[in-house]
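Next come two complexes built around chain A: one with chain B, the other with chain C.
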Partner chain A sequence: MLRIIPFEIRKLLEQPVILLFFIASLLLNTIFIATAGVDQSYVNYIQQTEAKTGTLISSEFQETLSNQPASKKQQRLLTETADQENIFQDYSTEALGQEMIDFFQIDGSVTEKMKKKYEKLTPVVHELAEEQAALEIGRAEETMNIFTFIKDRLFHVVLGESLIFALLLGLYGSTFERLTKTEVLMVTSKTGRNTQGSKYIASFILTLLFYGMMIMLTFGIFNYVHPIGTLWQTSMSTQFHTNFYFPHFLETYSLEIPFITWQPMTLLNYMVLSIGLGGLLISFCHGFNFLVGLWTEHFFRGFIIFVVLYVGFLGLVHIINQFSWWNIHALLMWHPISLWNKQSYWFTEMGPYAVIPWQESIAMVINLFLLGVGGILTSKFYATKEVK
Partner chain B sequence: MFPVEFKKLIQPILLLVALLITIVFSIQDLSFIDKHWPNGRMVPIYDYASDWQNRFGQTLEEEEIAEIEAEYFNLLDQADKMISENAIAKQLQIANYEEFESWHEENVSGGRINEMSDEEEEIIEQGDAIEQDLIDDSGDSIVDQIYVLQNLYHSIKQFESPDTFFNNEGFTEKERVRLSETLFLKDSEGWRNILPTELSTIFTDHFEKIHRLLIILLSLLIPSVFVRDRLVGLQNIQWSSRRGRNILWTQFASGMIASFLVITCVVVFFGGFLYFTDFKQYFSNGLNSFFIEEPLQVSFYQWTFGQWIVRVGLLTSLIGMAYSGILFFLSQTSKHYLSLLMKVIPVGFVFMFIAGRLLINAFYLNNALYQWTKIPMIELYAGILLLVISISLPIIFCIRQQDKDLLD
Partner chain C sequence: MLMLNNVSKKFQSSPVLEDISLTFENGVYGLLSPNGAGKTTLLKLITTLLFPTSGEILWNGQAIKELGADYRGILGYLPQSFGYYGNYSPTRFLKYIAALQKMNKREAEKKIDELLELVALSEVKNKKMKRFSGGMIQRVGIAQAMLNNPKLLILDEPTTGLDPKERVRFRNLIHRLAQDRIVILSTHIVSDVETIAKQIIMIKNRHLYCCETPSQITQSVQGKIFEVPAGYALTPEQLLLSERESHEGHLLRIASPVAPKEGVEVRPNLEDAFLYIYRDEVGAVAANHSI
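For the complex of A and B:
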């Protein structure tokens, strides 16, 4: 089986559209980065200044900053860092939980689970208070813009492109023998049927390669166009970076709270973890669609089934939100589609989208386990499938 | 041959999937304008617009402005009286509404309760307690009403002389001349229209969502049929004769007509649905109004709001038709479904991006494309250009295929 994997990879790479899709995605990401709207001169100014003032906001920080040559940027930084406090000192996570419950009007047994979840957040907040994470200067008010761009927009786009690639290649991997009419030939022997395993590994390797290359190139381009230097080492929980929650139906009001992860993290750590979890999500998407391809035996039919499942799920979530069925809502949040939709909240307390700490990571592992079970069942079906 | 090719495009399963997508999309996105707008701070603004529309008609004349002014001062007197009688206000030595506003601005930071000191929390509670007392006979907040009226009154004052309005922002000289005609000419003082202009943004946002739905539906319904023909080897049979090669033109015509029907149905259904909303009352009002959130939310054109909606709908259809031309081209250059979808998906996203720039605030000065090019009617020109390019591609392709070797 392993011997033919390189041949299978070569067969897939014979499709020029794969390279075309990669180039198109990279081009879109580059345009996206070029139009990010980062105030680079201010970012550079803070980078240079923090070498003299230190990275934590304090009275000494303000004093040293005041002694720097007067400029508009210095004035802006002085204003933005004035009266900043360690917000995690005496921060009540119970009150935060209650605020969340009131904001989303959560009821039923989910309320208790939410309260327990926020109680578990207390030690994390104490740790953040001790580390004075909230007082890290980052890039002052520009921090929010850069953090949001990197994790909610740029990474979201890369992940989206990779998921589309995984979906299409997963389907193609298990159905492309039909194109050359060699499918019947393949299923006439046990060895032939086993080549589906090689096809799975080949398309999986290509999918991961696409994701890895896209991540490296896109973030490489970002770092070249907008060098943010030490910002990568800034805590995600600096008070210049907050988390927003939006009610299900009104887009006007939002709840703004500190960005609290289950473990204190820097931007770099957070992105490495996100990339890792994104990789698992892509593996799931690829594997699921490979199985769909095996069952439907047709690329486009498989694609339509995926579309129906995706759209049907979105419709279901909408109906459940409409009727405020919080128990079912909490259950649906374990689904991979929810994990993709709520990517910007990964590793945080996740508000109404999680009932236990680290839910997104646990849910991903469970989903992969279920996919494995599905894979075993499918292989049993495929081994004894009738030759048509 | 046309009926045969057209019939191929009608696939019951795909139509059912398209229907499911349309239903989910409409309850999730397209119903926003009807169910959830106006919301937040727009509620009192919209209420004032509706009230004035009922009382004064489509425009606001001088005597009506005077009436509004009197109402505003009356409201302020009412608030002054309530403040002077309020126990907490007395304790804080606040004598009238103006002093309350200054106190509120200085002391209430608007931060999060969880991060406030006890003292800050107490100030918030005091402010809330005073505001709760400032309620009119119908139970509505006087503070909100004063805030909205203040802004509208300020906006009306901005429009009272062209010099004041144009001094505020960096309009170009050409824009000043054209806007003077639409906003300040005696016969057509466009600024006097009663129209909450945020409604224009929301409407264009609605049409942009319709366009997104169109892209999804067209991508699903149109191109896969032509790829299937190639996969089952039908194209080779068709191409083996000169007459058979003309099938490309028939397929092109059937694809475009099917797209046109889908686009028309979707745009007419979801655009026409606006006619049955409460917003219909503004359809015969002008496009410009003193109800502006930002100075650039003005238009050169003396259309009624209804005429503008029709034009935005046509623009949406134009971009939709351009996309269907590209779809046909992509379907003819794809050997199989992977190739098709890997081309259609990025192109679809690019079209969504372009449509956003064209449609949001279309025919207003704050339209992104207009701000970039400063060419009036650029939305229409860009739409036509897009259509010409997108239709030319499949036409050139069809012409070139006439003499192509079957083995290539």
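For the complex of A and C:
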């Protein structure tokens, strides 16, 4: 197997579309970064100022800031940090749960599950209160803009590109020999149908390599264009960063709540965890489509099946939401497509999109386990699959 | 020894092969049938690409399905439509096949050089195959089938695309190789196997029609092959086999159950026997062509 993998990797790498997709994705991300709309001079000002004032908003902070040379930026920072308090002190997660239930008009057994979930959030909020996470200055009101750009847009785009790459490589990896009519040579060789194992590993390595390189290059470019320095060490739960929930189909009003993760996290920790979970989602997408390729025996047929499943799932969620069938809705949120769609809420209480803490992570592990079961069944099917 | 015991194959509910029993020992076996008779299906069953609906295939007494990799390790196969990677050179392609065959790297490299020499591709061994002619590609296919020094060599329409010189060269090579291995060569071109096959296998109406030596098959039409002048009017029971020019003028070679008045009995060859045995199919093909 080890001897065949380099051949398979090289075979895939020689497909021009792979390099083109990589370059196109990187170019798109670079344009995205260049048009991010970050107020870099204000970000730099806070970076320099916090060396003198410290990173926590307090009366001392206000005093030191007031003594800094007067400027528009100083005035802006004074205004943005005035009257800020530790919002997690005496914060009621039960009330938050009820607010969520009322906002989304959740009913049935899901209501109880939601209440229990928000009860479990209480110790986290106490910890955040103790750490004074809400008072971390970050980059004041520019924090929201930067945090949202990094996790909801930039990472979302990289993840999306990597998922498309995983989809294509998964399908291509398992159907390549059929396209080149070399499948019979592979199947009648001593390695035989087991060659697909090497193909799986080869396409998986390339998929992870694409994801890893795209993350490194994209975030490298971001850091170069918009150096945010110590902001990476700022808590995700600073009061300058909030979580928004929108009722289904209506984005004209929203519910704004603090950004509460199940474990206090800095932006860096959050992104590292997100990259890790994203990697698992990509592994799932690659594996699933590799299996689809083995069953359908055809790249385009496999692709169409994936698109039909994806669109069908979104349609189903749409119908479920319209009828407010919360039990089914709660179940559908365990699906990998939901995990992708709700990426911006990962590791938080997730509002109506989760009924237990860390649901996205647990769901991912379960999905990978089910994929493994699917893999075993497929290998049994493929061992006796006829090549006509 | 390869043995097929009462092998049948159905695709969905339509039978393609029924109750085929054959035994193969070292030597060349020509699988000679018209297109669509089930030759490729039979070869695919032997190469584990397909599995019998009923019956069993044994290699030295053991079921090939159970032998798995051990069986495939002694197998060399050239499929009917040989697929390749256009961007690969013959050397690189054969190295990949050697890896699939789990061959020792050094031995593989030596063998690849030998085989490329044998199929006269040494000069282009590092050139991309996408620029190769059909005959050159077919020669790469032959080389890959022989790479693991197979005990069982299966060749499905191997001479397709080869020029007459290459054809003769290939025939001689196969004859030499068959001294210590089984070679099953599927073709609808009689001359490919006439002189080198130890036995000829014919499939008719999904069943095994015969598995006999070329002379035995030829013998079956002895006294039925005649040459008649060009103006001769064929009766419904007579079959036109071929036409030729001679110093006596244009002659028709026909098969006839009784000697025609102006006919001269000639010595039958394997092609006569083939055309006579498959006269219904040949007639149907001719009818289709005339439409």
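Basically, the second predicted complex is superposed on the first by the 386 of 388 C-alpha atoms of A that agree within 3 Å, B and C clash if a C-alpha of one lies under 4 Å from a C-alpha of the other, contacts with A are read in each partner's own complex, and residues count from 1 in each chain.
Note that in this section a contact is a pair of C-beta atoms (placed from the backbone, for glycine too) under 8 Å apart; a residue touches a chain by one contact, two chains touch by 3 or more.
No experiment lies behind these values; they were computed from the predicted model shown.
Three-chain overlay on chain A, with chain B and chain C fitting side by side and no clash. By the touch criterion stated above, A:253 is placed in contact with chain B alone, chain C being left untouched. By the touch criterion defined above, A:299 reaches chain B but does not reach chain C.
Comparing chain C and chain B on the residues of chain A they touch gives the larger count to B.
Chain B and chain C, viewed from the C-alpha centre of chain A in the overlaid structures, lie at an angle of 100 degrees when rounded to the nearest 10.
Look at A:309: by the touch rule set out above, it reaches neither chain B nor chain C.
In the superposed pair of complexes, A:28 makes contact with chain B only, with no contact to chain C.
By the document's definition of touching, of the two partners only chain C reaches A:384; chain B does not. Looking at the shared chain after the overlay, A:318 reaches chain B, while chain C stays out of its contact range. Aligning both complexes on chain A leaves chain B and chain C separated at their closest CA atoms by 7 Å.
Against chain C, the residues of chain A that register as touching in their complex are 3-4, 7, 11, 14, 177, 180-192, 194-195, 384, 386-388. Of all the residues in chain C, the ones that touch chain A in their complex are 11, 44, 47-51, 68-69, 72-73, 75, 77, 79, 81-85, 87, 95-97, 99-102, 144, 148. Remark: chain B residues 13-14, 17, 20-21, 23-24, 27-28, 32, 35-36, 39-42, 112-115, 220, 224, 228, 231, 334, 336-339, 341-343, 345-346, 349-350 touch chain A in the complex. Chain contact summary for the complex, chain A toward chain B: residues 15, 17-18, 20-21, 24-25, 28, 85, 87, 91-92, 95-96, 99, 164, 168-169, 171-172, 176, 179, 249-253, 256-257, 299-300, 303-304, 307-308, 311-312, 314-315, 318.
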